[in-house]
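Below are two complexes that have subunit A in common, paired first with subunit B and then with subunit C.
The block that comes next holds the complex of A and B.
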């Protein structure tokens, strides 16, 4: 269908005063694809109906709105799904940040409109990617508290659930637990173990199929179409599921490693035990604890916190729950035998929220708290003692005649070794068989605001697999993961992307006849969405795709395209920029800005009415990772003097919601230095800068500084060729 | 019927028994809303303030990554803007929730903002407005015009008028200046009863009122400030453009003391630990270390509660130079009126020695007090926090349930969204 573009020029919010609307109209009318041009100062309100009417009449089949930032009024300007709508940001990025009426401002506005017209002309219409028969079943791997809760929560929302547990019984870690810390008001009383009730509820729920003594041999496919091979004894079965919740839990720190901590004495006496071991003793004794050496009931017990935790040679982190666990163990000991004497050696007592009431309760029950950074467990003639630097008393103190010493140990991820939860999912993914782990081997999300932002689409971690957490946090986490799984199957069935480009219906298409099997796309996809066949051809799994466009940026053959975002589309926008040929006094700078951070920062600079150099031309990218180096070559070949890439922070505390966009962009820039050399251009014409939204105040300095440095290099020698 | 910014009343009134109503537009409420809407359910969010984002919108940087909350909010707002199932009302407050056999009637009071939804955010009204008001977003550390944008990243991006500060129709310069007919100085508040299939209470928390801490001179000595004020000052968009300054004289402090558990873990005030203040103070100590090189920084604490992987952040800040961690809770703070400096009296636990030291600025690490529940919520515990399940169909999320930092608040929001989805779905299926 031939393009019939409608151009809607807004003069409101100061745009009319800053730019020459009549001039913009002439620019639009010169474009033969433009069917009509309308002007108003109030398209977002009073005259919003004009666009819908023109579209309804069939007068236009693509819409260019030259007004405010696309971050506003999206819903007002959106037409039907088959009408591309392109926004030209004349408010925040032209009128509000450049001198009104000045020639440079007018040229900027005209270029912005030309780029928008090019984008509209090239944009195609996307049909959502629909699976023939998407599965909405949810698979839960792990039958502990988190797994059972997730399964039950998903089933209560009327989704079918398959729960796979390795052990012969449900319950996981909690099966070995005697009592739990308080879970409800007044937060001072011990709670029953929730496992018996919960596992019965899970087993009885008609929507949950429980497979105990089972493991997952292989997981292939993607959201809406995971093909999972489950092994139960000798039996193998295939299940198709839509989303997966991994709740494989954590493990206690290996006590054998504690023997290296000589001061704790672990391994030298059977009555020096770990906290999980103590819990088992309590479970066996119904709250009464018999000491391992001679079976005598314990009366004098010392708990030692942070055994192997907060220690760079063991676990550098804190496991969050050990303090609460010790309080619980101290209390049931004191309740079973009130004449017991309990000492708790701690560094910082780390309980949270309402656990404070429990802490008080245990203090009132008579536990003696000794704050100490340095201590020593000694065994003398069968009797145990603890010597410590008591910070309260400011001196060395000693407790003697102990029946038992309990070492509160922390949690480690998965089944040991490097990777976490090894052998849980056995993903048939080009990029590894399990959820990628972050620091310390836990596959937590990197994001504070988006704890379910997983690196494997449709696979959500829950519970202590993700990070050490207590019961209340686990219940929330499991329910939240169940919601994400539900969302994923629903959105996949509708052909939509999940977070962060939620609801996006576009997806990458691969023109495989031109593929050279270079494997860049399969290696660089941050979400493992592209597999490979034996001959290294990419096998994109669209339902795993998060639509960042990293594959598009990676491909040297330019075979990856979205209908509204492609190498040729962005190239056509670059070509739409008019580069003044005379003397080069007016430089031209192309900015590729990450949509999530840099683009809003540019908007905010405008909203703050900050002034910056008007020679810049801005193109938003889905992610800097989608930057194809050919665009830079295009820009420089056209005589544009410099290219600036604005992306998010990289490194350990990275900000990129597509994992490593800025980093990929940097690597690609380095790789094209040879091309630059060949063109006779300086590497300084390209710069990558990290910009967060709240760095908006730095925008003028960054842009003006770059233009200044370019001026030193002089105009692009390719100008005018 | 008049339309308020952000949503159309007619749509709200017609909301059916399947709508999930979320009370509170902070991080847990926003999350509950966006997650439920993306799961395919109709959501109506009610926010008391004229903007969405709640407390996190006031926070400069999150610990431990030291990244701006604006980044996550931007994504949430984009996801919500793209979702036709989501509607919201700002400057509106849930007054009561009545359970009608598993569906709900929610009474919502909409406050007049004197600006209607024609507002485009152009700012002409503020340019001509002659009246000023203390800026509550910045805890009164600066002023705005009576016609103001709630903050630089406000969503919705619309101006509002503070009725108390506005000179009224006798002035009306804003109405004359506005090209869009957006100013309505006669706007009245309204009360609506809205039907909902499920309700999520996510009203969040209030900073504990440090004026109640008489021994610390909270609210009395100008240079005794709260941790939230530090957040605002540290923000590049804040009242001091990112500088940490003494309110009394606008000078950069040469020494700063952080007082942990200011009102927390104290049965006369907040009986519980908020779990975040230790990390917030460590973060703010890092702000000050960066912004005021050479300043002495001391943190007085009982237990340094950097749980889980936050330990890394604690170690990183602690091991950087220039921060003293002092085990001991100050008993009293007095002011030297001639200098505005503050003398902190505390016991340093190791050795039980009494310290009496002078600082130029004191930051009270105040905790989270649960927001006052609306009618229809039965407070579940002695601290004022509510249960995550209030009644079938009526759920709670975030810091209204227990004090928590952002990531668990988000998980809690998602969990509440799930419970609401379960309820609406089951009722829809007639079981």
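The block that comes next holds the complex of A and C.
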């Protein structure tokens, strides 16, 4: 089908005043693929029907809207799925941030339109990737509070659920707990353990199939088509599921390691116990606690918080629940015998949200809170005593005659090793059987935007496996993960990307006949979406894919492409930029901006009417990880003087929506800078800068600074060749 | 000095007082200390005092000037995030102090004199309170010596009509005394 591009030039929102629309019309009319050009100052409202009418008449089959940023009015300009729509950002990135009526501004707008026309010409029609028989069953691994809640939430939304629990009974950690911290108003009274009720509800629910005493031998496939082998005793069974929720929980910090904290005396006296051990004693005694050494009921107890937590030699983090657990355990004692004496040694009492009411309740019940660093726990006159550096009194203090000392220990994710939930799912992925962990063994996800998503699409972490959390948070978390799993199975069935590019119907296609089996795509894919066959050919698993295009950037043979995003398409956009021939007069800078953060930051700079150099030409990328080095070569060969890469923050607290895109881009640039040197081009012509969305105020400085540095280097010597 | 030993007996005694139990709620944030109008003079702050009570430091608590320096301005009460009636606690501690036989200290003397002045005139005359106080503390000699020492301040106050040497009684003094008596009887306090 021959390209018939319709160009819609908007002059509203100040574009008409800043840019000569006739000058843009000349550019559009020069392009022989353009069927018609229309002008208006109100395409997003009054004249929105023009585009739909032209498409409906068959007058155009590609649409270029030169108006505001693609971040606005998406729904207004969207046509039928088989009509590619390209947005040229004249408002935020031209009219609002450059000198109105100036020659440079017009040239910028004309280049933006040329790039848009090139993009429209190269865009193909996307057919969604549809599975023949997508499964919508949700598998929940782990039958604790988080797992059971997630299973119930999904089942109540009418999805079939399979719940796999390793032990013989449902309940998980809470099975060994006497009472729970309050989860409902007035947030001051101990709550009954929810497990008996919840596990009955789960077992009775017709939509949930419970497999206790079972484990997962192998998980293959991807969203909508996970093939899971479940072992229950000697019996093996095969299930096809759409999404997986992992709620394998956490374990308490190994008490053996506490013996290294010599001052706390753990292991030297049977009456120095950990908080899980105290919980067991309370459960056995029905709220009354007998001292391990002689079985006498305890009346004077000291709790020591952060035992092995927030300590670089043990657990460097806060486990979030220990303070609440201690409050609860103190209340066991004070409710059983109101004249009990309870000391709580703490560094910071981290009770958040409504737990504050519970804290107050325990204070009123008479527990004595001592903010301090504990110096030592010792035996003194036949009973225990605690000595501490008392922050409130400003001196050392001691409590004596204690029957029991309880050390509040933190929690550790998974079952050790580097991976998250080791041995739980046994993924049959090229990247290994485990979910990658980020820090302290907790899952690697985009903490702010996508908390539940692990680095394996369609597998969601919930509960204490995801991060240490209390009961109330676990209930919310499980519901959240269930919703994410539902979203996953539904969108996968429609052939759409799940997240972060939700609703995207494009997907990477591999021209395998040209593949050289270099394995770069399979290794660099942050989500393990590409398996390998025996001969090292990539086997893309489209439903696992998040459409970031990292494979496209990695491939030296350029065999990976999306219908609306490919190496040749971006190259054609680069070639559409007109580079002035005359030496040194006007430099040209190409900016590859990450769509997720850098591009919105550029928009915000425009919305803030900040001024920056008009010699820049901006191309949005799905992720900086999709940057193919050949584009840099194209740009420099074309005579463009410098290339600037704007991406997200990398490193431990990365902001990249696709984990390590900006890191990959930096590595690729480092690799090609040697080649540049050999070509006689300065490495300084290429720069990578990390920009967050809130860094928009820095945009003018970044861009102007780069242009200034380029001016020092002088024009690209390859100009005009 | 060895480490300070926590003793819950005294704390429980204070918690048993009518307003004393509120101290349990204190989370030692220090909002009272920074809000206090008399914080220059006060030692320790209400926060510090509560932590001493909690630790059972009876002597330190009774020697504190906190509840005497308190001017009942209510700033701490307003700002306390735990809603502790710190004023009530301070008054409670004043009476606890007087009841526990510490009535001979200078602060207790001042407290008594203050009430005496109020009872006899229905208002507070600074000169009257100070003279009575000095007389009680060290008889005539002290009264004369202190008056001489303070004469500059006194004369300045007189010049600006801020001080009256012979303050008048209020109208209806008997009625006021009856009100005070009734209130005290209800609360179970003695002067």
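The rule is simple: the second predicted complex is superposed on the first by the 705 of 721 C-alpha atoms of A that agree within 3 Å, B and C clash if a C-alpha of one lies under 4 Å from a C-alpha of the other, contacts with A are read in each partner's own complex, and residues count from 1 in each chain.
The rule we apply is simple: a contact is a pair of C-beta atoms (placed from the backbone, for glycine too) under 8 Å apart; a residue touches a chain by one contact, two chains touch by 3 or more.
Note that the structure is a prediction, hence the values are computed from the model and not measured.
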item: Overlay on subunit A: subunit C relative to subunit B, clash or fit; value: clash
item: Which of subunit B and subunit C A:400 touches, first, second, both or neither; value: second
item: Larger contact residue set on subunit A - subunit B or subunit C; value: B
item: Partner chain(s) touched by A:132 [first = subunit B, second = subunit C, both, neither]; value: neither
item: A:534 touches, of subunit B and subunit C: first, second, both or neither?; value: neither
item: Which of subunit B and subunit C A:392 touches, first, second, both or neither; value: both
item: Which of subunit B and subunit C A:368 touches, first, second, both or neither; value: second
item: Partner chain in contact with A:502 - subunit B first, subunit C second, else both or neither; value: first
item: Partner chain in contact with A:256 - subunit B first, subunit C second, else both or neither; value: neither
item: First (subunit B), second (subunit C), both or neither touched by A:653; value: first
item: First (subunit B), second (subunit C), both or neither touched by A:712; value: neither
item: Residues of subunit A that lie at the interface with subunit B and also at the interface with subunit C; value: 349, 371, 392-393
item: Complex interface listing, subunit A residues touching subunit B; value: 12-14, 41-42, 44-46, 68, 71-72, 74-75, 153, 156-158, 184-187, 310, 316-320, 348-357, 371, 391-394, 439-440, 442, 444, 447-452, 467-469, 472-473, 475-484, 486-487, 490-491, 498-500, 502-503, 596-597, 600, 604, 607-608, 648-649, 653, 655, 657, 692-697
item: Subunit A-touching residues of subunit B, taken from the complex the two chains share; value: 27, 34-36, 38-40, 60, 62, 65-76, 78-79, 81-84, 117-118, 120-122, 152-153, 157, 179-180, 235-237, 241-242, 265, 271-275, 303-312, 315, 327, 349-352, 380-383, 385, 387-388, 402-404, 406-408, 410-415, 417-419, 421-422, 425-426, 429
item: Contacting residues of subunit C [partner subunit A, same complex]; value: 1-6, 8, 11, 15, 21, 24-28, 47-48, 51-52, 54-55, 82
item: Contact set on subunit A toward subunit C in their complex; value: 341, 343, 349, 359-360, 363-364, 366, 368-371, 387, 390, 392-393, 395-400
